[in-house]
Every structure is written in C-alpha cells, then in structure tokens.
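All remarks here apply to the structure that follows.
When the chains are written out, they are named A, B and C in that same order, and each has its own residue count from 1.
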Amino acid sequence: MRRAVLIAVPYLWLLALFLVPFIIVLKISLSDIALARPPYAPQLDLNEGWAGIRAFFTGLDLENFTFLTTDDLYWKAYLSSVRIAAVATLCTLLVGYPIAYGMARAPQEWRPTLLMLVILPFWTSFLIRVYSWIGILSTEGVLNQFLMGIGLIGEPLTILNTNTAVYIGIVYTYLPFMILPIYSALEKMDESLLEAAEDLGSSRLAAFWLVTIPLSRNGIVAGCFLVFIPSIGEFVIPSLLGGSDTLMIGKVLWEEFFSNRDWPVASAVAVVLLLILIIPIVLFQRSEEKAREAGR
Amino acid sequence: MRRFSWFNATSLTLGFAFLYLPMILLVVYSFNESRLVTVWAGFSTKWYGELLQNEEFLDAAWVTLKVAFFSSTIATVLGTMAAYVMIRAGRFPGRTLFSGMIYAPLVMPEVITGLSLLLLFIGIGLDRGVLTVVLAHTTFSMCYVSVVVSSRLSTFDQALEEAALDLGASPFESFTLITLPIIAPAVISGWLLAFTLSLDDLVIASFTTGPGATTLPIKVFSAVRLGVSPEINALSTLLIGIVTVGVITASLVSKRAAVQRRREEQAAQRTA
Amino acid sequence: MADSVFAPWNDPEAKPLIQFKGVTKRFGDFTAIDDLTQNIYEREFFALLGPSGCGKTTLMRMLAGFEEPTEGQILLNGVDIGHVPPNKRAVNMMFQSYALFPHLSVYDNIAFGLRREKKPKDEIHARVKEMLRLTRLDRFAQRKPHQISGGQRQRVALARSLAKAPKLLLLDEPLGALDKKLREETQFELMDIQEKTGTTFIIVTHDQEEAMTVASRVAVMDEGRIVQVATPDVIYEAPNSVYVADFIGDVNLIRGTARARPADSPPEAAVEPTPETKPAPPKATASTSASIAERTGPQPNTLGRALHDKLLSPIFGKWIEDEPRRLPPPSAAEAPRAAAPQTPAAPPRPQDIPPGGLEIDWSTGQAAIIAANGDPVLDGEKVVLALRPEKLGIAKTRPDAPNTLKGKVIDIAYLGNISTYHVEIEGGVMVKAQAANTRRIARRDITWEDEVWLSFTATAGVVLKDE
C-alpha cells in the first residue's frame, strides 16, 4: 500500500506534467492554425459525443509536417543546427582534451582544486556566462581593443552576431561537460602503461596516440554527446551571440511561437526536433551500456 | 609527476584563463565608472547602488527566489521518491515508462519542455503566473534530483535498512531514521542543483510565466538583448560572488571532514 | 550421563523453538530451499554450513523475515511467523557487513532497537550499559562506527542485536571480515556470550572450522537441502554421505564393492572394552528399528521420521540409518597405532577384529578392506570408504593391524605440528596419512620414494554408499 503511494506520486506527476503535455504537442502539430482562442483547430468537443470525437480525428492531418519540408527555412534550420552543434562539439573536444589531460597529469594534491575550478562555472548562471562574451566580442569589445592595442589588426573584427560567436559561446558554456568525463577516464588510467609503451620502443607521441587516446575513448564519446545533444536545441546562445543569419532550430521554434503565434507549426517543429534528437540519444545510451559492460 | 610537462602547464593555464577571464572581466567592468562598458573611466560602485534601487530587478529577484525555493523543495521530495522507486521498488507495471520519463527531461531541449508545458496550462485553463513556473521547474528539476539521489542510493548498503527493520523499526522509521540521514548529502546536493537550475532558467520560465511573474533571467535577457549594461555586470558580479563563496566553502568543509574521518579511522585501527 | 550433556534434540519431551515444516523457497525458476523440515531448540548454537549458493543465507533471511517461504511453515514457539514482517518478530540478526548505522554513535546503535519499543529512558539506558559491559565496549559508547576498529565494530553489531533480548539471534557470517587470529578469539567470545545470555544462536558460515568450533549442532547444506544435522564430532567422525565427508576436513575416499561379513561373534569379542559405544548392531538398522527409534527418541530431532522419509531417504536410499550415528568405537588396535612403526612386524590377527560389518573389495589382487562398522545392508553395493588422514598409521615395516596398504611416498608436507604424507598405494590410488610430530625430528626415517605401510583399524573408516 505504502509502496503504491510511493510509486504513484512521482509517477502521476510526470505523467501529468511531462507525458500529457507532450501528447498535446503531438496533437496540436496535427491541427491547423485558426484565428481563434486557442489559435488552432480542430478542437475536441466532447459535448457532441461520438460525432465530435470523429470530427476531431478527421480534422487532424500531417499538413504541418509537409509544410516543414516545403519551406526552406525549416530544413535549413535543422541542418544548420546539427552542423553548428557538430562543429562546436569538435572545437570543445579540442579545447577540453588538453585541459582534462593536464588535470589528470597534475600532482595529486592539486587535482581536487582543479576539479573544483572546472565545476564552479557550472554552478554559475548560464545566461551570465553567455552574456559575458558580448562585452568581449563586440566591435568595441575587449578582444578587439586588445588586438588593435598590440597592433595585430588595424580594424575591429566583426565577431559578435556571427556563427563564430555562437561556436565560442557553445565551447565556453559546455566545456565542463567535455572536461569532466575525459578527466575521469584519464585519471583512472595507469601511468605505468605509458612507461610500458615507451619501454617497448614507442615515442611519447606514439604512446599518447596508441595508449592514452584509446583508453580515454569512453570519456571522449560521453563528453561529445553531452555537448552535442543540448547544443542542437540551444536557444540562449544563438539569440544573444548569433546574428540574424544564424539559423538554429531552437530560435526558429521560439519565434514561430511567440512572434508568428503559429502553434501548430511550432509544435510540428518541436516534434521533428525530438525525432532528430532520438538518434544521438540512442547512440549515446548504447555506447554507455557498452562502456559499462566493458568496465566490468 | 614525471609527465607534468610544460605542455600540461600551458594547456592548464590557457584552459583556465579561457574559463575564467570572461567572468573576471565582468566583475572588473562592474566597477567601471562609465556607462560605456568598454572604456575604463575609474573605479566606482555606483552601478551596485543603481541595481539595488531598481524596483523591477528587485521584484524579479524576489519572484525568482520564491520560485526556486518552492520548486526545488517540491522537486527534492518528488525526486527522492522517484529515486527510491527506481532503486528499491523492484518491478511494477509501467516501470520502463517511468524510468523513461525520469531521464527524458534531462536531454529534452528546453524549448520543447517549455512549449509543451505552456500548451498544457492553456489546455486546462490554468492562469499563468508563479504557480505555473513552479510546476514547470519542479518537473524538470525533479529529474536531476532523482539522478543525483539514485546514484547515491545505488551504493547504499541495503543491509542498513534491513538492520533497522530487524530491530523493530517500521519501514517509514527505517527510511527517516536511517536512510535519509545517510543519503542527506546527496539530497542536499540535489536540492542545491534544483535551486540553481531554477534560478538559472530562462527558456522554460519564458514559456510558462505570466503577468506579475517575471523572473530575473527573463529580466536580464530582455536587458542584455540590447547590449551590455553595467547594472547587469553588477548583478552578475553579485551572483558569481555568491556561487564562488558557496562552492569554495562547501569544498573546504567536505575536504576537512574527509581528512578528519581518515585520521579517526587510522587512530581506531592503531588502538585496536 | 545423558542429563549432563546438552542435547535437547535427543529428548522427545523438548519443545523446539524453531520448526521448519516443509519449507520451500523459490526465486522464479530457482529453488533456493527445497521442502526443508528441521527443528531447532532453545539455547542451541546451531550452525548452517555449506558452500555459497546452498541456501543457508536464504534460510536465515526467512527466519529474519526478509524473505517469505513459498510453501510450508516456519514456527517460532509454535506460532507461524512465515509472513510476519521483520520488524514484528522476536528475532534479531547480526549482519555480515555488521550494518552499523554510520551516523549514530555506538550507544545509539545499541539503543536503536530498544527505542523502537518505546521503553522508558532509564530502562533503555540500563540495558545499553549492560550490553556495553557484556561486549567490553564501555569506553567506546560515544564513538561513531568509523572511529573504532573492525573487531570492536563486530562487537557493537553483536551488542545491538542482543539488546532486545531476542528469542533467537541470527548471525550471518559474523566473523568473515576479521583476520584469522581475531576470528579465533572471537569464536570463543561468541560461545561465551551465547552461554551467558542463554539466547538461541543460529550462525551461517561457509567456514567448517568455525562451525565445528562454536556450534552445538551443525547442519550441512547442499542445494537447498540439509544433508546432515549432528554434533560436530558426529559430522566429522560419522558423516552420512560422501558430500559431508568431503566437505568437512580432509578425507581419503576409497571406492569399492561391499561384501557382508559373518555376524556371529567369536569369544574374543566379549573382551572388547567398549560395550557402551559399540557400533550399531548390523541387524538393528533393519526397518524394525524405526519404531524403537521413535519411542526412545534417539533421532536428531522429533521430526526425524518425516525428514528421513521425505528428504533423506529419497536421496540416499535405504542405506540411511534410523539411529543417530555414534562415534565408532576406539578399537584395541587403535591405541598402539602411534607406536606402530616401532613394533616389529607381525602377521595380522583376525581375531582382534570385531565381527560383522563389511569387507570392501577395492582393487583386484589386493586384500579386501575390513570395515567392521559397515552396514551389512550395503552388501553387494558400490561403496566409498571415507578415511581421515589422521586415522592412518604410517610405517616402514608391515604393522600388526586389521587393514594394511602398501605404497610409496610421493610427497611430504611438513606443517610443524603434523606431517602429511601423500602415499600412492597399489592400484595408483593416492592416500593421505597424517602423523603428529610428537618428537623433534620425528619420522625423518620416512622420506620420498620410500616403500611404506599404511595401517588402520577395522572401524577407522566410514562406509558410505557411492553416489
């Protein structure tokens, strides 16, 4: 009895506030836009009984999804989201790996402090961390002043409101997600393995490539998924750092909903975004399972 | 030690510079006299004064704290229950769906969570305001809490609960007297995480909020869309300061406790 | 004599504290406990011994209330407790991991159970103090579990589980986490505390030495069944199956075919000095003895009949004895065994051998082994003679003994107090013989590759049906 209550409370909460809302999104994505409140049709009218239900179901169609494929904006936005997320993930890996490596090789007594320094930004407001780059990247920003000050460039660079700024924003905000799994994989590695590799005649670089990288593979894979998955649907970074030509699907959805008030299309955009996300999520889950099995 | 080369030292220095310089610049420019953020015009704390007199910001901060407190508290209760169910309740009908619903919000883009909750609130005719934001935040942060708590619970020695039952405690007593005190650090971490997530959230709050329930991130977002503002720098400095002090204190306290514990354990072995 | 010995299982009047009645526990397809019936008496120190996965832990968890039996009943003082939750049973358990509450002091750990009963404060305090004294933990009352040593933690766990004065205390591998020396000390401490408190203890262990040391009776388990229940000496000296013989201690197993020996007693038999502990008369094991056994209650438990019929007989067939096994009598030939190497060779004197029993043909061309304590019912059956290494004498010349085997020393393990000789006897069978090194540099005359004679009495071994 007690067990049933224990299960039921969180279960019902999630059903009501996670699953049901999602079903509503699915339903509205099959509806049509209407000049009404709420602004879509058909509405389910239970007062009309069975006929109402039938009328409701016949009113549903895949029109919005066909619309998404015909209008360039959407599929370009999906494509560009995936591309930006992928490039940014790669950059994060390139920036994060040396940091994680340096941490794992740092003297034992420094490591907790270094780890805390990586985690600290995670507790700091995401919005503020993105915002901090506006002042740096803008035309009169700190970066341009610095570069012009040392005479490297004569004219300020335009970085803010471009895709470059979006990459920087993603790398910066998601860096801890990349460092932490790689660090924990590297930290577990036995240093004598490298000594063994060198003892057997490989150079330091070869030992790194043949021993360290494969042994930290699980960390790299986990880190990449942890950065890639949330960046696809990112909204704050493209809207603050990106320009008008930065196409990311999170921003498109937001605008579709708030500016155009086209709920059915916004819902359809959300459904397709989820379908796209399922692929990396399933891959991630599978690689985690494999890693766990191998770990045993 | 052998491998802590110049390469490592350089990559660490550059890496942490990259992580911290932007925040340090924010802090520095919050003390800038000039409204033009990029020009240094002398030290001043006037933006802090203006910030503290800005009613809109203060109201938004108050709403945010209220929302964060209530949502993280409810989320901690629900998340702990969910974690307990996941680890301890064994099989029950719909367990797969349950675990799916626990983990899905962690990877769900915020725009979708926000949109779906908004459509629900409209669908059931719930007026948007503080309540709806609290409901929305509770839903996604309870999942984070349950992940934190369940990872602690999975390493929890079940014999402790059995021992409590064996000594005559009811299942409820065994949870409140034994399990809860032992997993308390994880539960508190879960609460802090939920609190921070709620303080931080812009997207979901934007979807689910209504008149009179403007949270601080929404306020900040609409302010910074127009560019850099020294008040926001001051606000950021305050938030960064609070977080830094909190995290450093927590890590010092826990380090001290660990050292103390190790010393006591060694002493116990020696006297045995 | 029987009155002075604690053996309620032999007393038909005794009321068992715990009764298992046809208890079966299944986990899905897996049967952990298979139709088990067993009585356990008050003040007993009962050991459940077996390899991991034999069901001993499941049995204990059912007593504690963490598992419910799939079938059958578990009675505590005649009341079925099979489905009573653990917090409502007068049974306490000491956990293998100790399961001390890490956030509570030693004092609060011990007081935990008493506080759940809502007893008055001073009563709780007095009881905790008493427990602290009993387990010599007075000085550590305010410490947390991580601030005390492993041995002290073990005592806290014991004190905590004894605080509520349970009718029955369950100990799950209680000494497993201690090192060897501390474990041996603690075994005696446990026995001492058990005697002082008069609580019934059931201990689960896979360590046969531990079970033999502490227990009044040992139950050897295998695949969810109790194979044999008896006092430690009977388990060791008179195992009822090859499984038990092999599980407990070191044993030589010699396979062969049994042949009944004539039962008429020659006049010399009357001179034998051991009439009381004489082995079961051969004919007494016939089915007629069952009624006598029930009347006099000599069985390990009052439900012995059911146990035999339902459980043991199907496994072991008609071979099972209805009477409890007694120690085989020390025969006249056993006493001079230690001196055997020194005695000059003499032809064996068959008139020293008790009549009856079996002869075992174990290898063609070799003299049959005489087992006077063998059950004639086994006539013509394939049997195993289980022979403990220390029951074998070793000498370079043929001693005067009922059974002698010639062989060659392959290996010698010098263990200080004893030496174990690995001897290959004719027919290629390896046999271990142990001899105490009573003198310094004893038996150095026997070395590798030596031709030796192994000797043992007509009652040294136990004849078991080959499984």
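We adopt the following convention: a contact is a pair of C-beta atoms (placed from the backbone, for glycine too) under 8 Å apart; a residue touches a chain by one contact, two chains touch by 3 or more.
Nothing here was measured: the structure is a model prediction, and the numbers come from that model.
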Where subunit A and subunit C overlap in contact partners, by chain label: B
Chain closest to the assembly centre - both centres taken as Cα means: B
Subunit A and subunit C, separation of their C-alpha mean positions in angstrom: 65
Subunit A-subunit B separation of Cα centroids, rounded to whole Å: 18
Where subunit B and subunit C are represented by their mean Cα positions, the distance between them in whole Å: 59
For subunit C, residues that touch 2 or more chains besides their own: none
Sites on subunit B at which at least two other chains make contact: 171
Subunit C - residues contacting subunit B, complex: 64-66, 85-88, 91-93, 95-97, 99, 101-103, 112-113, 116-117, 143-144, 146-152, 160-161, 164
Interfacial residue positions of subunit B with respect to subunit C in the complex: 157, 159-160, 162-171, 173-174, 177-178, 181-182, 261, 264-265, 267-269, 271-272
Residues of subunit B defined as touching subunit A within the complex: 1-5, 7-9, 11-12, 15-16, 18-20, 22-23, 25-26, 29, 36-38, 78-79, 81-82, 84-85, 89, 92, 94, 97-98, 101-102, 104-105, 107-112, 115-117, 119-120, 122-123, 135-136, 138-139, 142, 146, 171-172, 196, 199-200, 202-203, 207, 217, 220-221, 224-225, 227-228, 232-233, 236, 239-240, 243-244, 246-248, 251, 255
In the complex with subunit B, residue positions of subunit A that touch it: 2-3, 6-7, 9-11, 13-15, 17-22, 24-25, 28, 38, 95-96, 98-99, 101-103, 105-107, 112, 114, 116-121, 123-129, 131-136, 138, 140-142, 145, 172, 175, 191, 194, 229-230, 232-236, 239-240, 250, 253-254, 257, 263, 266-267, 270, 273-274, 277, 281
